[in-house]
Each structure stands twice: as structure tokens, then as C-alpha cells.
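Below is one structure, written out as C-alpha cells; comments come after it.
Residue numbering begins at 1 within each chain, and the chains themselves are lettered A, B, C and D in the order written.
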Amino acid sequence: MPAVLGTSRLEAFSDGVLAIIITIMVLELRAPEDTSLVALRPLIPVFASYILSFVYIGIYWNNHHHMLHVTPRIEGGVLWANLHLLFWLSLVPFVTAWMGEHHFAAAPTATYGFVLLMAAIAYWILQRRIITVQGSDSLLARAIGRDLKGKISPVLYIIAIPTAFVNRWISGALYVSVALIWLVPDRRIERALVERDG
Amino acid sequence: MPAVLGTSRLEAFSDGVLAIIITIMVLELRAPEDTSLVALRPLIPVFASYILSFVYIGIYWNNHHHMLHVTPRIEGGVLWANLHLLFWLSLVPFVTAWMGEHHFAAAPTATYGFVLLMAAIAYWILQRRIITVQGSDSLLARAIGRDLKGKISPVLYIIAIPTAFVNRWISGALYVSVALIWLVPDRRIERALVERDG
Amino acid sequence: MPAVLGTSRLEAFSDGVLAIIITIMVLELRAPEDTSLVALRPLIPVFASYILSFVYIGIYWNNHHHMLHVTPRIEGGVLWANLHLLFWLSLVPFVTAWMGEHHFAAAPTATYGFVLLMAAIAYWILQRRIITVQGSDSLLARAIGRDLKGKISPVLYIIAIPTAFVNRWISGALYVSVALIWLVPDRRIERALVERDG
Amino acid sequence: MPAVLGTSRLEAFSDGVLAIIITIMVLELRAPEDTSLVALRPLIPVFASYILSFVYIGIYWNNHHHMLHVTPRIEGGVLWANLHLLFWLSLVPFVTAWMGEHHFAAAPTATYGFVLLMAAIAYWILQRRIITVQGSDSLLARAIGRDLKGKISPVLYIIAIPTAFVNRWISGALYVSVALIWLVPDRRIERALVERDG
């Protein structure tokens, strides 16, 4: 399979979509009718779900940035794997609004986890696709290694989805946990770059 | 006609517009008032039309990316041919919402096909314009070849538009068929690049 | 005055803002409640004002692209002159919606012209500022020449604004005329580039 | 701490988010139902708050542009410090709408100042982080110097926040003052560049 396209436009388009996703979520934070500080209180769950999703989209952008940074060339299949990832991430504002406006009710919270799960799978497919093009001894393949984080995250989502119908706070705590695991940016790639260069 | 402008800013602007088009469609997926999973059911046609349009915009971005990748320089007329394409694509969120919210009713489904038809014509004009600037023995001209896909697609749209008033599902199936035809990215251009380089 | 910054990020940010302006206008085209083709008829003035504004933003992007193409370096003042232009253009969706939804009523149509006038003045300031930095014998200064188009446009807007209260169609025709004058992209810059290179 | 990533994608993503923030604020300027010029009068406070926030986002973009211009390489921590800044700035449309729609009422005006304060702190953290990576004798560190503006601004916000509950116009005047202080772009960086090059 030929690898003939540069990554700059893939990155530019993904940056655009992710920038819009992260920003349109704030449209759900509608200005209260009232003018007292108390009027902000009902917005707290909407705000909490906004922060969670902002961090998630930030994590995806961050890891996407690191992954593409060590990817010199791609081919058509990678473009579609990337669009597939953006598709699931584009649903994040929808599930964020549903979950936030209904105070982390069971079904919205489970659906939120489902979208996160599908995005995680889509990211994994994209990563596999890029490694296939680059070769298994590529910088990316070595940096990813056994990909422990990438394997634990979907497991935690799969636990969180049915749990939402039992106790929504456990699900919420699981989503926060996965975010915390990833909040540390993908040092693996930076380390691999330093090893290569030094 | 002088070809004096690089393509980077044309690509950046198009990426921006396409990224916004693909993302604002999700604003039509409004969070349900209810919190049961059943509340998602009325959203299914909206969701189906969103997926269809997401794939279409993805196809346009993909082909646009491939086409501009083999286009070193352009002139002013190409900028306008490109804006003309973006104009018709900018109407996709509107027709997607109209079709989705009304369960693929006849007139919205026909109008959807009309916008797709105009976008296909606009893409063809842009392609012709670029080939005129590059010359008929350019990489792009050879890669496009007889452009079978580009010729079949408008024919299928023209069939689908009146058919919507007879049986909307046939029209829908035709739109899905055209998408499937194009879902395979434009390997012609990648092949031409490999031939040139190898 | 030192000219120490490249133009790439100015162009990227402007592309982003212009791409969003051109695309959010389509959000005013709300999907009709009804599903007959007749339901599109009340949208015709909204649609007409959308086309007009799309062409205007396209013209600004086009000319901005040409101008920056022959501008190698800028300084801080140019960034602000550019933001000033983007400010007036950011009001285009607002006046487009007001004019379109009220069938080109007098006050909205006059306000539309006022925003176009301010954008034209802002573009002229930006152009002067760039020429000041580049020098009066720069490629841009020579390409612009006597800037006939740039001088006629504000005059036509100034005529169109009060005329809207007498006959709205004359104002509309004047806006369309200015757009047609500019629709031909700034060949002056392309010509100047060809002269320099050939 | 390794500094292994270029800044181009950080800049592109930030440009995207800032472009969207600056543009979606205009969605709050809803077209009046009435068609007289008088119908624009109730929009004046919304419009005033839009101008203020447009200038603020413009200032952040401008300073961000200058700062990254003298930052050759970054590491993962900078990406997160940047996302943290974008998070607070993403709340600007929300507080702008709340403050504008309620004619600069006390609580919205105080909340507006709180978001500006957090954004200023986030900018300071980002700046410190970049200087840590670059070294204290870097171009940026020398250009920033004692950072008088950066120290005065939060102090003025901290005064403005409680003052909003006493006299909203003093708070508003303080926000305008901080904007005016910064409206002069960061000449320090341009000066440092000229010194280095000349």
C-alpha cells in the first residue's frame, strides 16, 4: 500500500474539527435568565460535563498531535480512519448536553460512555492503520509499546456503561479516572524522540 | 492565464469551511427532553441523515485533498470555482436537517439530491478549471482519466430526485450507493503518484 | 517601524474567522416545519441575502489572500488593522439575517450597507498599513495602483444606505453591483507577479 | 524536560479555537423582530459587551502570536497549559452573553471579571512554562522582562470583581482600561527581535 500523502492537511482538518467540537459545547452553557450568582447553580452539572468533555477532546487532540508528529507519510485509508475517529468525537457535544442537562441521569450517562468507547476504538484503529503503513519497527510502534493505557480505557468504559443504570456516580468516577490516566501526555512518544535524537 | 498562487491557503480555508460544515450538522442532534434510551428513537432518522452527510462531506474533503495534493499552482479563477463548491456544500446542513427531521419526506429528500447534484457539478467545474491551468498531460489529468465515478454520480442524483416523490427509499438507497462508490478514496491519484516516483 | 512577523498565522486566523462567518450564516436557513417544496418559498429572501453575503465574504477572502500573498512580513499594527476588518465582517451574519428575514426592509437593508461600508474602510486601512510597512515601491503598492475599485465601492455604499429608505430594490441592486465589480478577482496582483517573474 | 515538538500545530489549533470563540459571540446578536432602526437600541449593551470581548480575544490572539513567534520548540506540558488558557477563554462567549443581555448587572459583570482573571492567570502559567523550557536567558524571557502589564491586569480584575456589586460602571471601566493597556501589541517582543537581528 503506497504511503504518498503528507500529514499537514490531515492535521489541519482534524484541528479544525476538534477546535469546533470543543468550542460549540460551550453553546450549551446558556446565559441564565436571572442575574444573581445563584442562577449559576442549576448550570453546575452542565458545567461539570463541559469540563469533562473539554478535557477528553483536549486529550484526543494532544495524543493525535503526538501520534501524527512521528508519522511522516500516510495513505488514503488513514484519512478514513481519521474521519471515523472525528465522527465519534463529533457526537461528544450531543451526549455532553444530554448528560449535563439531566444531572447525569442513567441513560445519558451510559450513552456518554458508549460514545467514549467508540472513540477509543476508532483511535485504536487509526493508530493500527498508521503503524501498518509505517512498519512495526517505526518510531510510533516502538513509542506505543504494549499500549497499556489504550487497553485499559475501553475496559473501564465497558464497566462504566451498565454501571450507569445502577449508580451514575460510579460511572462518572470511571470517566474521570480514564481522563486522569491520559491527562499525562503521551511521554512515550517524546521519550522515543529524545532517544532517537540523543 | 497565469498560475501564480500556491494552494496552501486555498486548502486551509476549504479545510476550515468543511470542518465547520461537518460539525455544525451535529447541532441538529438536540439533546432529548426525556432521559430514557427510548427518547433516542425519534432521533434515528436525524442521526441517519447526519451519518450520510458526514460521509459525503468526508468524501469531498478526501477527494479535494487528493486533487490539491497534485496541484502545485493555481490562479484566481480556481479560487472562485472552489468557493462555488463550498457554497453548495454549505447548504448540506440545511437539507440534512430538513430531510432528517421529516423522516425522509419526498420534497426534502429530493432537495437533498438537488444540493448533492449541484455540489457534484461544482466539483467537476473545479476539477476542469485546475486541469486547464495545469495542462491536459498533468499528473491530475492522467490520474482522473475518463472519470467514470464523476460521470455516474450526477446521473444517479438526477434519477434520485424525481424518484423521491414516488418512493423515498429508492432515492435514499441511491444516495447511499453514490457514497459507497466514492468511499474508496481516489486511488487513481495515489497510483499516479507512485508511478511517477517509482 | 519594524516588520518582524511572518504572515502565516495572520492568514490562518483570518481564514478561520472568515470560514466560520461564511458558514454560520447558513444556520439562519432553518429547516421548514412543512415538507412541501412550497415551504421553501418564504425562505427565498433569506436565501438571496445568504448568497449575497457568501459572495461578499468570498470576495474579501479572495482579495485578502491576494494581498497577503505579496506581503512577506508585517508588524503588530497590521495584526490590529486585520482584526478591525474581521470585526466588521463578523457583523455580516447578523445584518444578513435581519435583512433576509424581513424581506429587505428599509432599516435592515441600510444597516447591511453600513456594515459593508465599514468593512470596506477597514480593508482600505489594512491595505494602507501594509503598504506603509512594505514601502510605496513594493509589489503590492504597484499592483493596487490607483485602486479605482476600492474608491468606487464606498461611494456606492454611501448612496445605497439612504436610498434604502426610499426604494430598497435600488439599494439591493447597488450591493449586487459592487459585488459584481469585485467578483473578478484582483488580477492586478496576479499581473504584477507575472511581470516581476517573467 | 525534553522540548521536542514544533509549535505549528499548537498555533493552528489555538487559532481555530480563538477564531470560533470570537465568531460565535456574534450569534448572541439576534436579528430583531422589528424592522426599524429603533429596534437596534435594546441590542446596544449586547453589542458593547461583544466589542469588549472581541477586543479581549483579539489581545489574547495577538500576544499568543507574538509569544509563540519566539518559541521554537515546546513539550507536552506546554500543550496542556495552552488548553487550560483556551478553556477559560472558551467561557468568554457565555459570560459576554450573560453580561450583555442583562445590561451589565452586578453578578454577570463580576463573573465576567472572574473569567478574565482566570484567563490572565492561565496565560501567565503558559508563559512561565514556555520560559522554563526555553531557559531564562531566552529571547522570550528577555522580551517579557519584569512583565508589568501582566502583573497589573490581575490586580485590576481583582478590584473590579467585588466592585461590580457596588457600581457596575466602575467594573466596566476597569475592564476597558485593562483592554486599553494591552491594545498596544507586545512591542517588547518585536523590539527584542529587532535587537537580535540588527
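The criterion applied here is as follows: a contact is a pair of C-beta atoms (placed from the backbone, for glycine too) under 8 Å apart; a residue touches a chain by one contact, two chains touch by 3 or more.
This one's a predicted model, so the numbers in the text were calculated from it and none came from an experiment.
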Per Cα centroids, the chain farthest from chain C: A
Fitting chain A to chain B on CA atoms, where both chains share a sequence, rotation angle to nearest 5 degrees: 90
Interface composition of copies chain C and chain D: same or different, split at half: different
Chain A-chain D separation of Cα centroids, rounded to whole Å: 26
Chain A-chain C separation of Cα centroids, rounded to whole Å: 37
Per-residue multi-chain contacts in chain B, two or more chains: 12, 16, 19-20, 24, 27
Chain A-facing residues of chain B, complex: 11-12, 15-16, 18-20, 22-24, 26-27, 29-32, 35-37, 39-40, 51, 54, 58, 61-62, 65-66, 68-69, 183, 185-187, 190-191, 193-194, 197
Residue numbers on chain A that touch chain B, as the complex places them: 2, 4-6, 9-10, 12-13, 16-17, 19-21, 24, 27, 75-77, 79-80, 83, 86-87, 90-91, 93-94, 97-98, 101-102, 105-108, 110-111
